[in-house]
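One structure follows; several queries about it will come next.
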């Protein structure tokens, strides 16, 4: 088994002809969602499936990773914590503020928080950043994966409040959540326009990339906040 | 609407380009199983669908009809009386002994008997002709449509007991009831052999014909008892 | 020669002429009962070619054909009604019970899944499912209503589940109680099936077990029909989809249908399942025939199957 | 400028430096409650770029970063637990109730069909179905157990159905009683949905009716989510199969999903159903937004829809 660094603290494991994306397990011996664990030398790696994670798909589709081991991250739409746990692996000396709106979904994530000291759960509405502004510090990265129609506006208001100048926004735009009848390309264009062209947006596009075949009708976007 | 005689007391109605098989309703104004009624001049006709009746299919597939208006008929496997009612129309001055094994099915046929004086219901097992030998008189025609493996033997024992010399047996052989795994043609051959080649059979084949497309894997057989 | 017709006992001379005839009275109910007695046990059967119509007129039972057929129809209808009334046989009991069981299972699964999700919102730590959960909720209701000495009392105290109020509690408790009652019904119907199987088909029960035996009877539409099926049909009964594929030439012949659920096949190595299925189907076919015709338990059927099974296993070693 | 953080109220000078800070005690439960109060009604929000970590250390709440994050995590977990416990909202009540209702319907249909066949064997003349039949059988049992004064007494006497015995009767009666209880549950849950709809979404209830409104909330996963959906999505919600076909370019855009069940659409001429669906979906969208944000009943919403409906009908004349 060969381990290669793919981005800072993100790895690819080569097994025969197969390549797996993986992160180093912050809580060795413990699975979060039934993912495969692989032991290589001293370290344990957790396989990270692009079909189950928008972020993994974005990385495999060659969008850049802004994460370092000490990044402060605001994660919007953490769901049951599948991807959050990998981010927690990557920024193991940093912190992840994980915002999720659904109590049921959040309930399933609590055990993960209890195992990993760098995840701060926030049962809150990502479209109301004021409601967690008394907790979240200025962050290096915002990752967003929410299924709401005003995805770009939500990202923008969080960027404004919490993203450091020079920090990165990574977001996955789900066309059908915005408008279930319009063509995905039309939706993407309109969402990007909202994100980048508003007067006070301060966001510049770094790269965008569709997430097919891992996720159909999803666009991955990386943008940077001007200094 | 044009009415043509197809066989004695069996008709075809021509409506536009469509031809319907039909019998003249013995109980005018009354439907037996939801069939279409058509009034032509003084008479009311009941449309007889070949897909719902083996006998209708046999006639349309050009097997000869042995029925006259005064025929005595032994009908084995009358089910809920769909086809029996048409036979009752045809032999309106004759009589139909209708044998059915299932009490539930027979229950549904009782109201038809109560409307038509020429149907005699017999809740009995067609493979035990002795059990109704104290009722049934010598008949001109035996029609058989049963779903049992020994179809030919059943026909034969009834022929022996009740069919007049020179009388006709009409039967529909359902391949799958005899053997669900063998090829239909093999089953047909074997059943015909039983019917025609036994020492005391006295039956000679008049005509046979597959009933597709109306009924898949069914063979229609007309045979005559030697004088 | 003395023969019985539906309307009279008749003494016939050797040349076929009537020697003596004592017609019954024209009482439809009595005639119907006479008919059924004969049907159940046909004796003194009229010879081939015997004409009941002319004889009935000849011996003065009726005046003419019209009256004859009218009376015959009335008699046959009355007999048929009587027979239908008394036809709720063990077969039919078993068929209805098996079908009701299937429907109860499907309904209970549906409701149990719902109860799991619904109650799980409130007490996800309860860790019970289906019948256990239904009984627990029907008995206890919400977390806060658990008695002090309940083994779940402590877990309930620290539950992360959502709080529900008394009205929610009443509704979910009644829902669980409905479900619990369905499970109860399931058990009652199962023992009813067992009882009827023992009575109707002791040999089939011995070879197949009560559940599978009942299911075979149900699928065949009765013990009589089952007993008439070729063993090859019994072997694949219930494998309809696979069978139709095979008949259309799109797959190999299926080796077993519902009889797959028999431990002899389920627990056998796949390599010998085909042989096992053939042996079992053949034994089931014999058992159902014996049940249908004599109804006596005959241990030899099962013993023969056991020997066959042994020889199949030996042959595979 | 006075700002609230999760660990303290802080007075900040114009240049951003701290003028005064009174940290809370390190009591996780108290901190969690403080967090929830702020979340529910955010006031004195820290300015953009405000760094709570350094301020917490600066004002002596914690000694360093490790202690800070550990306490923050404990606080947020405790707050989350508290919030989950109290999150059994009217939305969620409605969602569970609607889903339970669907499952009860499916289960009841299944069992009712079975009862019809089973009991029909015994008393085919009863001529009742579903809930009526279930109640009748649960109350009376078999034909022979009907009281003299029953309106079915005479029909029962002359029934052509099969005779069943006391054991069959007991089983079928209990089965009917289970089914009857499920129907009862259905009614109770329906009124529970109505009550919760009136409380949660009076405007949606007025425009859609309680049943359809509840179903929309359930499909959207809550009133908040529904209120965020574009009207075009509400219009086709529930028409998933038709919608996917359209998105694959294989069919025209579907005109309506579950809202087809609204009398405005169902009872309209097919030619104007598309327009009606658009108008209704738009009104539903507005109603759900008002319900989500103010919760006050506003008759103007329904009145506007009524005017629009009138003009569509006029335009079609």
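Labels A, B, C and D are assigned to the chains in the order they are written; within every chain, residues are numbered from 1.
Keep in mind that, in the parts below, a residue touches a chain if its C-beta (ideal position, glycine included) is under 8 Å from a C-beta of that chain, and two chains touch if they have at least 3 such contacts.
The model shown is predicted, which means the values in this text are computed figures rather than measured ones.
A.B. asks: How short can a path of touching chains from subunit A to subunit B be, counted in steps?
C.D. replies: So the least number of steps between the two chains is 2.
A.B. asks: A-C or B-C: which has the larger count of contacting C-beta pairs?
C.D. replies: Result: the pair with more contacts is B-C.
A.B. asks: Could you work out how far the Cα centre of subunit A sits from that of subunit C, in whole Å?
C.D. replies: 58
A.B. asks: Roughly how far is subunit C from subunit D, centre to centre by C-alpha average, rounded to an integer in Å?
C.D. replies: The computed centroid separation for subunit C versus subunit D comes out at 42 Å.
A.B. asks: If you average the CA atoms of subunit B and of subunit C, how many Å lie between those two points?
C.D. replies: 30
A.B. asks: When the centre of a chain is set as the mean of its C-alpha atoms, what distance in Å lies between subunit B and subunit D?
C.D. replies: Averaging C-alpha atoms per chain gives centres 58 Å apart.
A.B. asks: Which residue numbers or ranges of subunit C touch two or more of the other chains?
C.D. replies: Within subunit C, residues 81, 84, 87, 121, 160, 162 contact more than one other chain.
A.B. asks: Where in subunit B do residues touch two or more other chains at once?
C.D. replies: 103, 107, 110
A.B. asks: If each chain is a node and each touching pair an edge, is that a line, ring, star, complete or other?
C.D. replies: Shape = other; not a path, cycle, star or full graph.
A.B. asks: Of all possible chain pairs, which ones touch?
C.D. replies: Listed by label, chains in contact pair as A-C, A-D, B-C, B-D, C-D.
A.B. asks: Which residues of subunit D touch subunit C once you look at their complex with the stated criterion?
C.D. replies: For this pair, the touching residues of subunit D are 81, 84-88, 92-93, 96-97, 99-100, 103-104, 106-108, 110-111, 113-114, 117-118, 121-122, 160-164, 167-168, 171, 174-175, 178, 181-182, 185, 188-189, 192.
A.B. asks: Could you please specify the touching residues of subunit C with respect to subunit B in the complex?
C.D. replies: My answer: residues 3-6, 35, 38-40, 42, 45-46, 48-53, 69-70, 72-73, 76-77, 79-81, 83-84, 87, 221, 224-225, 228-230, 232-233, 236, 243, 246, 253.
A.B. asks: Which part of subunit C faces subunit A closely enough to touch in the complex?
C.D. replies: Within the complex, subunit C touches subunit A at residues 121, 124, 160, 162.
A.B. asks: What does subunit B use to touch subunit D in their complex?
C.D. replies: Going through subunit B, the ones touching subunit D are 103-104, 107, 110.
A.B. asks: Give the list of subunit A residues in touch with subunit D in this complex.
C.D. replies: Where subunit A meets subunit D, its residues are 95, 101-103, 106-107, 110, 113-114, 117-125, 128, 130-138, 148-150, 160-162, 178-182.
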